[in-house]
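Reading through the structure tokens given below for one structure.
Here the chain labels run A, B, C and D in written order, and each chain numbers its own residues starting at 1.
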Amino acid sequence: MTVLELTNVSKSFGALQVTDDVSFSVPRGQALGIIGPNGAGKSTLFNLITGNILPDAGAITLLGRDVTRSPAMDRVRMGVGRSFQIPQPFEGLTSFENLLAAAAYGQNKREAEVADQCVAILRDTELLPKANQLAGTLSLLDRKRLELARAMATGPELLLLDEIAGGLTEGECQALVATIKGLHGRGVTIIWIEHVLHALNSVVERLLVLDFGRVIGIGEPETIMASREVREIYLGMDV
Amino acid sequence: MSHLLSTHGLTAQYGQFKALFGVDLHIDPGECVAIIGANGAGKSTLMRSITGVLKSAPEMILHNGTPIGALPADQILQRGLAMVPEGRRLFPSLSVEENLLIGGQIRKGSGRWSLDEIYALFPILKERRHSPGTALSGGQQQMVAIGRALMSNPELLLCDEISLGLAPVVIRDIYAALPTIRATGAAVIIVEQDIARALIVADRIYCMMEGRVTLTAPAKDVSREAIHAAYFGAAA
Amino acid sequence: MGHRITTRTRASSIAGIIAVALIAVGLILPAFASRSLIQDLFFILTMLTLAQLWNLIAGFGGMVSVGQQAFVGIGAYAMFAGVILWGWDPVPAILLGGVAAFLLAIPMAFFAFRLAGAYFAIGTWVIAEVTRLVVAQWKTLGGGTGTSLPREATADIIGVETIARLFGLRDAAARDVLAYWLALALAVATLATIYALLRSRTGLALAAVRDNDNAARSVGVDAARVKWLVFLAAATMTGLVGALIYVQTARISPDAAFSVTNWTAYVIFIAVIGGIGRLEGPILGVLVFWGLQTAFADYGSWYLLALGLLAIATMLFAPRGLWGLIHDRTGIALFPVQRRLIGAKDG
Amino acid sequence: MIWLDVLVQGILLGGLYALFAAGLSLVFGIMRLVNLAHGDLIVFAAFLILVVVQTFGFNPFLSALIAAPAMFAFGWALQRFVLNRVLGKDILPPLLVTFGLSVALQNGMLEVFSADSQRLAAGPLESASIDLGPVTVGTMPLLTFASAVLVIFALNRIFYTTALGRAFRAVSDDPTTASLMGINPKSVFAIATGLAMVIVTIAALYLGMRSNFDPSIGPARLLYAFQAVIIGGLGSLWGTLAGGAIIGVAQTVGAQLNPEWQILAGHIAFLVVLLLRPRGLFPRAVD
């Protein structure tokens, strides 16, 4: 079964075409990585999928339902969880409360029903010691963790991760990868934008390359990474 | 003798989050220095600290020996340090020509750069001088951003990620202007993710990881292995 | 799983006990207190309630209304209409005030929510002005000059006679006691309702929307619905307070009932000086305000000038108000809303 | 024929409202600051002109010329020392500070100038009129409208042809990047507020010559100014003139029907526009 399908989706801001006739689909349970240079339109693609912005043309189908014009909130409740590239915590709430809000509203349940889940997610993302700390006072690593944790708390069928590993040390990165692998193992469909390629490639089964808003390659990570075009555009050199 | 610009144990933080941990670097007149490193290494934070967008302790940054760490951005520019910011940041309400003019509005400096000279360097901008800056292609916008910074005739030009999001052929065009810029005697700091490019244009490189400088070396005799280790850390 | 969730702190437990005690004292106070103290307390309680309600929408909800006088005024006029036109007893007619304010809040929210950011504030002000001008056209209620509650209506308000007999008071003083009790009930109910709201799921949503509208929507919070809910609830309560104030005053005019100074400026100053975005703020603020009022009100305009400057100074030097200063030093929260996780084991 | 007259009077009245609005619009456009004391500042400027008239015996126009630099300095200092400190992501502090200022100004003026109505005497100009065939228009309203056109024209010139205007637009777009150009956004803000106060002085001149004023009438002027800005579309100065004219016409039409409806009719016209065109008549393409 297909969780997400984009058909000829385009979006431009003024003269700038940020998403150019993008089509792809993601089967249930798959982990798809998205790579591409900065400014290639990766985050815009996420915003289109989550409904934070609406496309100029094309269609987006989620779990078999056309959601092209649906508001962000409906898509969350259908099971789309997302993290933001620049963490956007609710700064006046604690880590725990950030998760409570996400779980209670994302799953449309009472706080008491989701509290245990939130504790479990805090534990999985190693945020438990900071459960009662205001999110506004967290370090970058913890903010990144909170982004992931909050997205998980909405109970997603499809999890969108936006550069969650950037700026972390190798050890921190490995811990994060383990968490994401765990989620993936539980059958959550994942789309992950990431520059840290070794982290990305240790999780995803398929890789999509975006440049100037266009899909210039999609397929198995080995094949994609071996492509000359991708190497030149994305890496700029042989690393 | 003091350097044109130097940082001494420079630290920076956003709220609780520390982004730089004691960065030492320097650049001398006429030099070209490249700063490389992965996303999140602190390169942009370093640029923002030097240009006064982020405040530091005064003596953490010296310009010709004078502490400037606590000066606001507008006074830094007036001392002859101009920046081409990441993402170009043209003013959408201003035309191409106005974007250029505003670069030299406060400080004209003494030197070669004027509107005509910028148009000579990037002829396409003259054709499009009445368009809104944001109606241009990415590469043309980058030319405006560079021209805008040059209009103040800076002693030191800081270029933050000028090749980001641009096609290789466009990047080549933009880098082609660098020798002309350096010929005026200006020192240049470029922040670049494209290591190969950085090694070609720079005299020296600094490699950053996690808010620290992990390698500094003359560009011509640095090994790929050394860069790789400095770039990704020992574990990679 | 061995953990529990609580919002209680030791300070809040003590505060709870003190609050219950204060309410009890408040209830029996008319047996001992002078009439002027009862009148002062009526003033304090109604201003406190108005300030809590403004604080709810502006401090917690980020909707800075400068049109609260619309709800006070329409609430008061609805009560007058109930008494004069339909012969209601003034006390049950207070409920009409709540209904009227609720009905007015719907178009006000509809228009004001169309205005982004700071223009929201002036939008609410415009609607308040429109309401005032329309009400001034209502000739049966005195038009622009206003009217008084008829003597026979104020003479036999439900319960006044009982109170008069109970405490051995004249009717006028007994009316003050009744109004005071109602004000106490409204103040306690308002505080309890807001506190309960903040501790409910909606409270989380409100905080999330205030902190980051975009992220709130991305976790499934219906930001618009939360804002509507809070705005309408606060307006309704404000209408009740307005009606109650004018039961006690017994004389109304559009200029007084829709006064931006009395019902919005004072209220904002109370919240600002005490501390915006905390339940403790208006409580502290109203005491300071009452103290200033008692000491300096004779200075008239000078006093108001100083009050305006004091509000400016507070925003410049202590933007979270007096309670903010206290909280920063001591960490005390009398009405904590933070859900703290206790005893969860790591790993 | 009476309705043509009502229409013309309304449009001319709109000139006054556009003058009220221009300063508000300028400040909001550059720094996203809504000054709730704007109306009271207009009244304050009117009193300042009055003081000059009474002290030196000058006519109101010359007095305004003297008051204008003082108002510029006042606006500059207000921005520099107070408002700049509270500008930020949170809209609450600047709103509450300007609201406090509004109350402080009103009561300060009440204390100094009393609640008595005042007027700037303009001599024979007050009753002069010009015959324009089908309608006769007062010289003063015509002068007000012409001044509004002139002020907006001048503001547009400043905005789009001068270095200062370039700095205004750059700071409005992106203050951080503007500071990288050597521009100090806070100084630019201070100049903008100073300039707004010069416009406020011009508005005050006509307010004071055309009608009585007292310390309490500020808030109503703020509302007219605000409505003209919103009807015109945020950021459009010429739109502000159209917005002022719409309110003006609504008011004169309302007054023609029933004198008590004048003010109400203006407010209702605003609400109707807000209902039909929430972004105003001439919204800016960007933003």
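As a convention for this text, contacts are C-beta pairs under 8 Å (C-beta built on N, C-alpha and C of every residue); 3 or more make two chains touch, one makes a residue touch a chain.
Treat the numbers as computed from the prediction; the structure is a model and nothing was measured.
The greater number of contacting C-beta pairs, out of the two interfaces C-D and A-B, is seen for C-D. With respect to subunit D, maximal separation of chain centres occurs for A (centres as means of Cα atoms). Averaging Cα coordinates per chain places subunit A and subunit B 31 Å apart. Chain geometry summary: the mean Cα position of subunit A and that of subunit D are 49 Å apart.
The distance from the centre of subunit B to the centre of subunit C, each centre being the mean of the chain's C-alpha atoms, comes to 55 Å.
In subunit D, no residue touches two or more other chains. Taken together, the touching pairs link the chains into one ring where each has two partners.
Pairs of chains in mutual contact: A-B, A-C, B-D, C-D. By the touch criterion stated above, subunit D contacts subunit C in their complex at residues 28, 32-34, 36, 82, 85-86, 91-97, 99-108, 110-111, 219-220, 222-223, 226-227, 230, 260, 263-264, 267-268, 270-271, 274-275, 278. Only residues 163, 166-167, 169-170, 172-174, 176-184, 286 of subunit D touch subunit B when the two sit together in their complex. If you check the complex, the residues on subunit A that touch subunit C are 50, 52, 71-73, 76-77, 82, 84, 88-94, 96-97, 100-102, 104-108, 110-111, 115-116, 119-120, 122-123, 128-129, 131-132, 150, 153-154.
By the touch criterion stated above, subunit A contacts subunit B in their complex at residues 14-16, 37-40, 136-140, 143, 163, 166-171, 195-196, 198, 212, 232-233, 236-237, 239. Residue ranges on subunit C touching subunit D, taken from their complex, read 58, 62, 64, 66, 111, 114-115, 117-119, 121-123, 125-126, 129-130, 133-134, 136-137, 260-261, 265, 268-269, 272, 276, 300-305, 307-312, 315-316, 319.
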